[in-house]
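Pasting the structures here.
Both complexes below contain subunit A, partnered by subunit B and then by subunit C.
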Partner chain A sequence: MISEHLSEGTSYLHDFDPRLKIIVALIYSVTVALLTNFTLLFASLVFSLVLVTWGRLSIATVLKRLLVINGFVFFLWLVLPFSYEGKTLFEVGPLAATQPGVYQALRITLKSNAIILCLMALLSTSPTFMLVHALHHLKVPSKLVHLFFFTYRYIHVIYTEFTRLHTAMKVRSFTPSTNIHTYKSYAYLVGMLLVRSYERSKRIYQSMLCRGFNGKFHTLYHFESKPQELVSAAIMTVFVLLIAIGQWIPLGKILTF
Partner chain B sequence: MDTSRKNTDILIELNEIYFRYRERPVLNGLSFCFCEGERVGLIGPNGSGKTTLFHIIMGLLKPDAGELKIFGQPRRKEKDFTEVRRRIGFVFQDPDDQLFSPTVAEDIAFGPLNLGIPREEVLGIVSRTLDMLGLKGFENRVTHKLSGGEKRLVSVATVLAMNPNILLLDEPTAGLDEKTVARLSKILKNLDTSYIIASHDKEFLQKVTNKLYKLQGGKLVMVDS
Partner chain C sequence: MHISEGILSAPVLATGAALTVVGTAIGLKKMDYDKIPEVAILSSVFFVASLIHVPLGPTSVHLILNGLLGLLLGWSAFPAILVALFLQGILFQFGGLTTLGVNTINMALPAVVCYFLFRHAVTSENSWVEIGGAFCCGFLAVGLSGIMVALSLLFTGQSFINVAKLILLAHLPVMLIEGLFTVFVVKFLKKVKPEMLEVANATN
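Our next item is the complex of A and B:
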């Protein structure tokens, strides 16, 4: 499935009970998103990197995904440093980059990277189908779970249709350049993509109905948290607690810079 | 039609079914009766409406006019088809429409689990069905990375695993090699299920069916086989 190759590896994290992974990922992401203290942010980044190593993720894939996220972050760096009041650090033409602005941009960079790395390590190491199932077990409303599953599923459908159509064009010697033929072909490609994806997703849903689907997902394998996994999850939770204490209990002030 | 047959033997009864896609009429007052134990082959040129007919039986398309009686009950609304779909297994013409789970085992388990069969039993069903189709050890293969023929076999397996009363197979032999087709015929012959098979493969139909219909001009015509 689309970008599910991270889930095909083998590691301790791959076998980990997805329910525990979802819970830890959730509390960790929320906590890190609220952090402002730099020491703690760096600590979180290191923690996420440890998780990634633990999940034995392919470095190339991890870097590729980080690149996407940091593409967005890059735009923040173009704006944020110049939109805060405070001590001027440097000037670009008429614009002055302030210290609070740069700090804010740096915080967001650290946060987003720490969170993404953690999500990759914890969530990408389970097949989506498993995650969907775990969400069911965690009593997330089933409407929400279906929305998530079908969104995912249909993005995959669109992607597969795209690959097919694109291959069909390539094998007939289509080479993109800047002319009307290219634009027209791409316009057809996009049009076909929408129609075909719609039709395909409709038929997949129909075939699910034909096999007795009534809105409830069952999985073949039941989840089981081994005692060792509970301990690991507890350790991760303790880390989250520590950074939360560091951030919100005044004794953390000593660490601030 | 054989009038001596008891009403209870009739599984599917179509009466004067009309269906059109926009301005393209496909079924034109089609009537059809399918009884317990029958093994029917369905032929007809490309675009004659074989797939459409199957979709109507499964309630995926609603006829413009005509009556549909399946398992002795009239079927009109979406709700009426819940039972139909539990008891009739339909293999889609394109296996990519059928397979959606990440692994083969999970896809095959999907139907039986929906029927409420306990998990432990389903695991047995999965491996037995795979064995039967000569797909031993395919449990953890990733569905979208299978070859075309393997996909087709797995999609047949997903339906056989539900142990339906009736099987509707839409071109089951397309893309299969001779040996696999032979294996499929053997499996079908050993089943005690009634089935309807749409196919362009006359030789295959001759082996596995005992009645042949041709879809022509939007109607079904019996063919002497």
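Our next item is the complex of A and C:
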């Protein structure tokens, strides 16, 4: 279920210092999310595709994820083109799709795909544990970092527990459909999951105390950026700066669409 | 319901992020180190529950359970939801970094509101108050989330009005299911592990 096979490659991006990757991913997402210029949006999409190629990600996995994530974008395409006033492009029954509407939908599609591809290339290429370590080194509050580690660790445990309970229901001929019985059974499943998790959390805390837990977080990994990585991160940052300049500082009408 | 990357405007994203920082700070402050394993495990249950699809007529919906999470965690629901959403973002790319703030506040604020509204009702001796409280808790938490998602879109642009209406409409059946679900889970917890509901009451 929770696969991390994107993080198992051996590309340059996989070895990249996760702290730098998080910083670049953050400033890039924020900038792209605010772009409106089509030339720049296409440029960002190309930039993200370059990153994905650089990270040598499996094309099948990338496409599969894009398909799932574009569900909401697809829904917007069904509604947005018909929600704007303006020049009519085509008509479906009584509804008229307008140019600004289609442009808006296209803009959102480009933005979300550019951002998601970049996140896949930069964040999914590191194991989650490494990213959380990096968050710790980036001075995220220690309680929150603890929470990240524990949650990530227990998602797997809870999911296994869930599948076990679910299998037990299925071997007893449970067939889900739209009725109270189904909802009640699922609710009891979740209830059982909560009770077992609660008891587990008590045991975990006790065993942490036994091992001398005093609220401190000892990190095993310390990151060091190689000069080459700093240069690469700087190049990516320059690209972000360029698209920001292109968007917000009018350099004549050359870049405008 | 996650709002994907690239849709919302800068002021909406910034407001969402700022409110989430405040909520999370309060949540972390109220969460002592001994509560971390508990909050983390409930956060993982929340994550896993979002992968459970329950049938609804010809389609299926996935569980949200933010009302229930609020009941069990109070203010700590903020960090719990933040962490679950962040992990969904990096593991599946559902949601993302820029929308993390908005998505967290949209789910966590209703959770906390419902906690304060219904925490006494669900532990009531009177079974009608208990059932009513639990139902309203699940029902309202999802309903408020839907309204907040719709508002996030509307503040981005008036042209999102149709999208916002459809989203609210889509939330209605989910609200009913979540209401029922919360009733059953609360009943179950009261029978099997009543202190889970009471502990949350005492510490927040």
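Everything that follows uses one rule, which is that the second predicted complex is superposed on the first by the 176 of 257 C-alpha atoms of A that agree within 3 Å, B and C clash if a C-alpha of one lies under 4 Å from a C-alpha of the other, contacts with A are read in each partner's own complex, and residues count from 1 in each chain.
Following the convention adopted for this analysis, a contact is a pair of C-beta atoms (placed from the backbone, for glycine too) under 8 Å apart; a residue touches a chain by one contact, two chains touch by 3 or more.
As the structure is a prediction and not an experimental result, all values here were calculated from the model.
In the superposition on chain A, contact of A:211 is made with subunit B only, not with subunit C.
With both complexes superposed, C is the one of subunit B and subunit C in contact with more subunit A residues. Of the two partner chains placed by the overlay, only subunit B lies in contact with A:129; subunit C stays clear of it. Once the two complexes are overlaid on the shared chain, A:152 sits against subunit C while remaining clear of subunit B. Once the two complexes are laid over each other on the shared chain, residue contacts for A:200 go to subunit B and to subunit C alike.
In the superposition on chain A, A:222 contacts subunit B only, with no contact to subunit C. Touch criterion met: A:101 reaches subunit C, while subunit B stays clear of it. Of the two partner chains placed around the shared chain by superposition, subunit C is the only one that A:191 touches, whereas subunit B remains out of contact. After overlaying the two complexes on the shared chain, residue contacts for A:140 are found with neither subunit B nor subunit C.
Using the contact criterion defined above for the overlaid structures, shared-chain residue A:49 touches neither subunit B nor subunit C, since it reaches no partner.
Judged by the document's definition of touching, subunit A residues 1, 4, 128, 153, 200, 204, 208, 213 lie at the interface with subunit B and also at the interface with subunit C.
Residues 1, 4, 8, 127-129, 153, 160, 200, 203-204, 206-214, 216, 218-220, 222 of subunit A are the ones that touch subunit B when the two sit in their complex. On the subunit B side of its complex with subunit A, the touching residues are 55, 58, 60, 82, 85-86, 88-90, 92, 94, 96-98, 100-103, 105-106, 109-111, 113-115, 119, 122-123, 126, 142, 144, 158-159, 162.
In the complex of the two chains, the subunit C residues touching subunit A come out as 2-8, 10, 13, 24, 28, 31, 33-34, 36-45, 47-49, 51-52, 54-57, 63, 65, 72, 79-80, 82-84, 86-87, 89-94, 96-98, 159-163, 166, 177, 180-181, 183-185, 188-189, 192-193, 196.
Residue ranges of subunit A in contact with subunit C, taken from their complex: 1-2, 4, 25-26, 29-30, 32-34, 65, 68-69, 72-73, 75-76, 79-80, 82-84, 101, 104, 107-108, 110-112, 114-116, 119-120, 123-124, 128, 131, 141, 143-144, 146-155, 157-159, 162, 176-178, 180, 182-184, 186-195, 197-198, 200-202, 204-205, 208, 213, 215.
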